[in-house]
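After this come two complexes, each holding chain A, first together with chain B and then together with chain C.
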Partner chain A sequence: MTEEKLLEVKNLKQHFKTGRRQVVKAVDGISFDIYKGETFGLVGESGCGKSTTGRTIIRLYDATDGQVIFNGKDVHGKKSRGQLKEFNQKMQMIFQDPYASLNPRMTVMDIIAEGLDVHGLTKTPQERKARVEELLERVGLNKEHANRYPHEFSGGQRQRIGIARALAVNPEFIIADEPISALDVSIQAQVVNLLKDLQKEHGLTYLFIAHDLSMVKYISDRIGVMYFGKMVELADSEELYKNPIHPYTKSLLSAIPLPDPDYERNRKRIVYDPSQHDISEAPEFREVRPNHWVLCTTKEFETYKTEFQNK
Partner chain B sequence: MIDFWKRFKQNHMAVIGFVIILIILLTAIFAKWLTPYDPYEMDPVNRLQSPNGEFWFGTDQFGRDIFSRIVYGARISLQVGIIAVGFSFIVGTIMGLIAGYSGGWVDNLISRITDVLFSFPDILLALVIMAILGSSLNNLMLAIGIVYVPIFARIARGTVLNIKDSLYIEAARSMGVRPITILWRHILPNAMAPLIVQITLSFAFAILAEAALSFLGLGVSPDTPSWGIMLSEAKDWMELSWWTAIFPGIAITLAVFSFNIMGDGLRDALDPRLRNEKS
Partner chain C sequence: MNKILEVKDLKVNFETYGGSVQAVRGISFDLHKGETLAIVGESGSGKSVTTKALMGLIPTPPGKITSGEILFNGKDLTKLKEKELEKIRGRDISMIFQDPMTSLNPTMKIGNQIMEGLIKHQNMDKGKAKRRVIELLELVGIPNPSARVNQYPHQFSGGMRQRVVIAVALACNPKILLADEPTTALDVTIQAQILELMKDIQQKTEAAIVFITHDLGVVANVADRVAVMYAGKIIEIGTVDDIFYNPKHPYTWGLLGSMPTVDSTEDELVAIPGTPPDLIHPPKGDAFAPRNPYAMKIDTEMEPPLFKVSDTHYAATWLLHENAPKVEPPLAVKRRMEGMASGLNNGNSGGDFS
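Let's look at the complex of A and B:
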């Protein structure tokens, strides 16, 4: 893996007004980098802002504050159509619900070719058809499927159509927003493996958003843990699973069941209690071990450090 | 589509309505070959003849053949229906799509305009518009069209609000599809079902409105064979000769009734909630 940064997210904030004075801080100042060719997993409980992060990065929402730098260029704020077009082509998204993310009135051909049409990537109808058929076969469907409508497909097949749509414009970066959580367990592995194969083939970079920790560990190189709009811990996936530091991460990991009766008998749920933190000091993101960042106060930082020096 | 036809077929009343509409449409198209007499030709000798072998539906006070006039009247009724409803469908749907998709002050503005139009009773509003524009067939169609604009605007807006937050719209937006393309290719096809139903129902209203306005003397010129005008003229003679009023009345009733039952059938066939119960 090269250490070239593809995407930099700096102090990204996304606040939604829910009432006259009420503001929901869905994403509250998170920063992270994604390197070229890696898969960055983003985990956290429901409503912690992981999907909002993904959607804000791809500009479905306008960020309240902060920067998103893609290939060295700031992609937020006012942009000309040309700049947006380039960005829209290089960054694609795969959605959580394959039943809702495909227009029920469009054929699979038109759905997949939408990006091609927007960016004018194919010149003739024959070329367009050939490209769609090639994509369909690449994601494990038949080219005969091109003229059918989404409701004729199963959930797993629909998600493959969604993947083909994202791939159509030769993107560099794909945001996968819980792409497997709506699927049957037996299909999940197939789709994840497909994503992995495509990554190898096309040198793609993924932002993989999920709440299924075992799946995230399987696919991700690095993982960020979010809690209530903040990034609480970020590390290589091996490191994170071996040495979780932040109490919330520990709590999350303690919730994964394993198919091992001995382990299961002794598995204890660690319950995260946010009040254990000293709130007199605003916590900061600090590097406790090399490439292992944790959101902590100065005091906690010292404790974490000594804890790991002994290991 | 085949699915839809199957569900539509189960509703026998709707199919009957559809067939009657088809017959009316064909009579309007082939009026020239179906009529034994010229609908404008007056014949003082054969005034107010009761229905007989020669004049199937009798003749009116000028001796014009009522059957021929009713057949030609289908043309006027359908013409008014198609153009007036077409106008309100196009204008109303565009207004509704824009209001629903853009939101904010645009939505507010368009919604308030439709509210104002809605606050007048249909016929009264059409009367006022006709009084301002003067009576002619074109103005009649325009007036009826304007009256039904807000209905389409509201239905379109409501459906757009429903659709615009769905994931496939977000998917299109994330790919950089232009808003106008999103409206045209993604939102409109998904918003069509309730609009199609409204078209058939409005058709019935438009035919009625044309008849009512013609009856009140604000429609087309009095010698035109329009069902409303025939009814209006018949009111002075119907005590003597019932056929002058009955047959145009039946024609109006039949047309309106057919459009209504077909609209009901369409709605049932297109409504996704009913879809699940039946299958």
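Let's look at the complex of A and C:
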């Protein structure tokens, strides 16, 4: 993997007003980088702000504060149509719900070709048709499916259409927001395998948002764990699962049931107690081990470090 | 062991404009006292319809139990009248629904919702019922129950609401608890709490639980026995160890193979190709044959019976026939069957580190 930064998120904040004086801090100052060609996983419970992060990165929301830098350029802020178009072509999104994210009144052909039309990527109708058919076959559907409507497809097939639509404009970066959680187990594996193959073929970079930790571990190179709008831990996926440091990550990992009865009989769950933290100062994101970042105070930082030396 | 429920050759059809959907196509199983039977399968495999049939909750029309028996206490539930069923529902057999957001009445205080069953089935007066409700809320781990009884469902979080749903189901000390994906809508940490709670309650009340889920991790956690359903039939049934460490049916292999383990390093997940069959016109022979890489000629012609693997373990696949070629499960699944426990302890060692 080349260590070239494709996306930099700097102190991103997304606050929503929910009343006259109430503000929900869905994302509250997170920073991370995504390197070219890698898969970055984002996990956390519902309501922790992981989807909001993805949506803010692709500019579906205007960020309250902070920067998103894609290929050296700021994503947010004022842009001309041309600049926006260029950006929209390079960054695409796959949505969670394959039932709600496809327009029921458009044929599959038009859904997939919409991006081609907007960006003027195909010159003639024949070329357009050929490109759509190529994409359909690539994601494992038939080219005869092009003239059908979304309701004629199953959930897994619809998600494939969503993937074909995202691929149509040759993006560099794809945000996949829980792309498999609405699918059956046997179909999930098909879609994950497809995403992995496409990454190899096109050198894609993914931001993979999910709450299914074993799937995230499987597909991601690095993983960020979010808790209440903050990133609490970030590390290589192997490292994160072997040596979780932040107590929240530990509790999250210990809560996953695994398909192994012997293991389940002996599983000890760790309960996260937010009050166990040192509150003498505001916690910061620090590197406890090489490439392993944890949100902690100076005091906690020292304890974590010594814990590792003693190990 | 004490049999408390016996299902024999149950079939359920739904009439639609397109034809008759055969949702459940002849299943049989027993349920013993104090055990947890997990039913796994994809959506559309008939697992929810099965539990609805046990509760007499199949909407008729369009649904209909076309044949079979459900024996409970010597009575066949499929033949009972609605009035008689009402006496059993909620008292002897009760249900925990999947979605805690929609299975409570938003306009009723939760105390009153739990009380309903107590007043109806046990003829309690209001004061006594209220005391029992507070006890129940305590049992399911809701803090400050005496104040919470007077609150409405929207004042509870998802996990807390699911606890209330469980309290409703437990109110009359049922002998059988049917749980239809009780944790699917919840986060992993909350899911772990609810599973622990259910096991705890089962030990106290000795209720039998039928647990429906598609998450094999949850199955490994809660189940004593497992039934795997596909296209309206039970295709493999056995103890939890039988199913996870010695699976025989290719569909079970596929299910196990398509779940990544936390320490898996394989390049590809073993996906099951294709999609489930159309149950209006179920295929001739083995319904799984079109998706089965090990399918033989006979699979497209004749339906396999349930072959006996051991006293507790049965599987419906022709591969178990004495004339069938010896077939090994895919490597990834085999590794999972053998080395998983040891590998996982490794992967989780970080969890002990503190």
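The rule is simple: the second predicted complex is superposed on the first by the 311 of 311 C-alpha atoms of A that agree within 3 Å, B and C clash if a C-alpha of one lies under 4 Å from a C-alpha of the other, contacts with A are read in each partner's own complex, and residues count from 1 in each chain.
The definition used in the following text is that a contact is a pair of C-beta atoms (placed from the backbone, for glycine too) under 8 Å apart; a residue touches a chain by one contact, two chains touch by 3 or more.
Computed from a prediction, not measured in an experiment: that's the story for all the values here.
Once both complexes are superposed on chain A, the partners chain B and chain C fit side by side without clashing. When the two complexes are overlaid on their common chain A, residue A:190 makes contact with chain C while staying clear of chain B. In the superposition on chain A, contact is made by A:105 with chain B only, not with chain C. Contact with chain C, but none with chain B, is seen for A:45 once the two complexes are overlaid on the shared chain. In the superposition on chain A, A:93 contacts chain B only, with no contact to chain C. Between the C-alpha centres of chain B and chain C, as viewed from that of chain A, the superposed structures give an angle of 80°, to the nearest 10.
Among chain B and chain C, the chain that touches a larger number of residues in chain A is C. Here the smallest spacing between CA atoms of chain B and those of chain C, following superposition, is 6 Å. Residue overlap on chain A between its contacts with chain B in one complex and with chain C in the other: absent. Interface residues of chain A, counted against chain B in their complex, comprise 55, 58-60, 84-85, 87-89, 92-93, 95-97, 100-106, 114-115, 118-119, 162, 165, 169.
Only residues 45-46, 154, 156-157, 184-190, 192-193, 196, 211, 213-215, 217-218, 241-244, 247, 250-264, 267-270, 272, 307, 311 of chain A touch chain C when the two sit together in their complex. Residue ranges of chain B in contact with chain A, taken from their complex: 166-168, 170-177, 181, 185-186, 189-190. Considering their complex, residues 42-43, 187-192, 195-196, 214-221, 223, 240-241, 244-245, 254-264, 268-273, 275, 336, 340-341, 344-345, 347-354 of chain C touch chain A.
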